[in-house]
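Below you'll find the structures, each written out as structure tokens.
Here subunit A shows up in two complexes: once beside subunit B, once beside subunit C.
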Partner chain A sequence: MNKEELLSKLKTIIAPYVQNQEALKNLTENTDFIKDLEINSANLVDVILDVEDEFDIEIDNEAMEKMLTVKASIEVIENKLAIK
Partner chain B sequence: MSKRRVVITGLGVVSPNGTNVSDFNKAIQDGTSGIRSIEKLKQLKFSCQIAGLPIYKLDHLNNYFNSIQLRGLQASGMEYGVIAGIDAWKDAGLSISDSDTPLWDAGVIFGTGILGVDKFREAIYKVDEGNVRRLGSTTVTQTMASGISAFLGGMLGCGNVVTTNSSACSTGTEAILMAYDRIASGSAEIILAGSTSDSGPYVWGGFDAMRILPYKYNDCPTKASRPMSASASGFVPGSGAGALVIESLENAQKRGTTIYAEILGGHVNSGGQRNGGSMTAPNNEAVQQCIIRAIENSGIQSNDIDAINGHLTATIKDSAEIQNWCKALGRQGTDFPYINSLKSLVGHCLAASGSIESVATILQLKENFIFGNINCEDLHPEIQSLVDRDKIPTKTLDFSANIIAKASFGFGDVNACVIFKKY
Partner chain C sequence: MIGNDIVDLRLSRKESNWKRKGWIEKIFTTIEQHYIFEADRPEIQIWKFWSMKEAAYKAHQRRFEHPPKYNPIDFNCILGGKVAIDQYIYKVFTKIADNYIYSIAKESTTNYTSQIFNDIPKIQPFLLQKIAEKYDIDSSVLTIKKNDNQIPIVYINQRPSNILLSITHHGQYSAFVVSN
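Coming up: the complex of A and B.
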């Protein structure tokens, strides 16, 4: 899976939780889930569970704590996919 | 300090025989039952395989919840409560505020017995499998009792009291009186009051196990709920929600909104599980006290009561309830007020019963009718000896009641009685 595909899948996963639709349209690697997309922090665990289901990976607590931006999330997902 | 006058300005209902106020209004006047066969209860070998279950299409929920709230939603009581609550709010002519400032004078008192049972079941399986990390963020908010008041309070932006009360089958009537007290004392202007009850085998199973549900009517569900009948054999479990917007008269007049009825007062008490009262049976003296003090608190005489909407569940306790009304009011025979029980049409909606039945009571005051009791053609002889047959109509009557008393009684030997008046 290349980065483009991964980003597109991630975007689909987070879309329902996003409260700032404008920021979603202009999504970049540096977009922050809470600050920019205004995702409710309680919903971050739901995003993680959806990522696990989509990519068939398991994200541990340590990795999860890093997943606050698009860039960090893609890195975590790529790492987990690599060791699958 | 004199009490402020308190009125009802909005209604909402999700009942087994009607999932909005206009359908419900028609169903109770037509005597349409909402009790049906439940396949799941049959598969699970319940003795009683029927129940009062509200029916609506899944996409109806899109009118009330956003897509995030709907994800993994497995709390039927939350669905019923939110639909009824939002409907009542809109019915009162109130808008859903998107302002950053909460409505400091508006609150929510919305009771339940237990919430999100299906969600809790899912969580228990995951926890027991060692998979707690997969619960997601909504297990807590869907299973906490106050989930229903929290959801409604957030949707509406209420900034006054937002709480959930719980007193078994008197929950709904108690919520109305809590709202009444708070508004009468000047602590709030508007309160969305009501109650909700989950549906399904995990809620109803405990009652089936107590052998207090009818088991001989699985092939004819609409005949099963028989309050005041000689052949009553237990209550049919039900579910749903009722909601009322309760408001100071002053505020309602200022808004120029429709007023359904006035709340004159009421009383809640307990029999202390003494003198015949127990966890599951009422202390008769306490029931009478509750009615008498509700009348006193309302500043009326017992003769002023034109009709009663009883608790009357269709168990052996119906006769005792009628006797308690007779004693408390000092009235019997042809002097007794009209009396009816909504449970003949929808079953016993448990924590939701008091609020759904109050919605029915207020519709009677507003639209000048007394709905008929079905399934009591064979009146119980003890009841027959106390109350004139004509006072227990089997068909809906045109009747302009001025004052109707509504009572609910619950496990734990708790009672609630509220007095409604035509406005």
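Coming up: the complex of A and C.
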């Protein structure tokens, strides 16, 4: 899976939790889930569970604590896919 | 140091399905899970613990100027209204109302004033007025800006002050807490 596919899958996952739709349209690697997309912090758990389901990976606590931006999440997903 | 967090229960019922497989395990320690499942109303216990963790996270992050991190499971709720992270302990006051749960976390020596609002467009004017009253200064010289770590800082005449502040908003409710 290339980065573009990964980004597009991630975008689909986060979309239902996003409160700032304008920021979702302009999604980049630097987009912050809480600051830019205004995702409620309790919903970040849902994003993480959805990522686990979609990519069939397990996100441990250490990886989870980084997943606050698009960039960090892609890195986590890539790393977990690599060790599958 | 100080932090606060409010949960609008009507909104959390729409936004979050805590019964989802894996949801509780990602956020709560085994000990916390025990208290949740033993509680008369697990839902209330969940959001009580959640708001305690979030409030303590804000106080802790501010104290050590940590960049944002998503590690609610590392904040351990202890009976008697305390949250422990690493070797640090925060005292937490929690109010459970019919439609919201509100927590304030602080270091033992910090005293504070807090206000909860229902359905206001912006909290900032109320907050500036309160700070102006407390410190006996004109509200026109006050500004509030977030720093790079998303922590709100109170400026007096464009200079950063040592007033500690935390703001929270969820659904219909918002609240602030300011150090004395």
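Throughout what follows, the second predicted complex is superposed on the first by the 84 of 84 C-alpha atoms of A that agree within 3 Å, B and C clash if a C-alpha of one lies under 4 Å from a C-alpha of the other, contacts with A are read in each partner's own complex, and residues count from 1 in each chain.
In this section, a contact is a pair of C-beta atoms (placed from the backbone, for glycine too) under 8 Å apart; a residue touches a chain by one contact, two chains touch by 3 or more.
Owing to the predicted nature of the structure, the values given are computational and were not obtained by experimental measurement.
Colleague: Given the touch rule stated above, what does A:Pro16 touch, subunit B (first), subunit C (second), both, or neither?
Modeller: A:Pro16: touches subunit B, not subunit C.
Colleague: If you stack the two complexes on chain A, which partner ends up touching A:Glu38: first (subunit B), second (subunit C), both, or neither?
Modeller: neither
Colleague: Considering only the touch criterion stated at the top, classify A:Leu68 as touching first (subunit B), second (subunit C), both, or neither.
Modeller: After superposition on chain A, A:Leu68 lies in contact with subunit C alone.
Colleague: Could you figure out whether subunit B or subunit C reaches more residues of subunit A?
Modeller: With both complexes superposed on chain A, more residues of subunit A are touched by C.
Colleague: Of all the subunit A residues, which ones make contact with subunit B and with subunit C?
Modeller: 42-43, 45-46, 49
Colleague: Touching subunit A in the complex: which residues of subunit C?
Modeller: So the residues of subunit C in touch with subunit A come to 7, 12, 15-17, 20-23, 26-27, 50, 54, 68-71, 73-74, 150, 170.
Colleague: Which subunit A residues qualify as touching subunit B in the complex?
Modeller: 16-17, 42-43, 45-46, 49
Colleague: Show me the residue ranges of subunit A that touch subunit C in the complex, using the header's touch definition.
Modeller: Touching subunit C from subunit A are residues 34-35, 40-46, 48-49, 52, 61, 64-68.
Colleague: If you look only at subunit B, which of its residues touch subunit A in the complex?
Modeller: 67-68, 71, 134, 136-138
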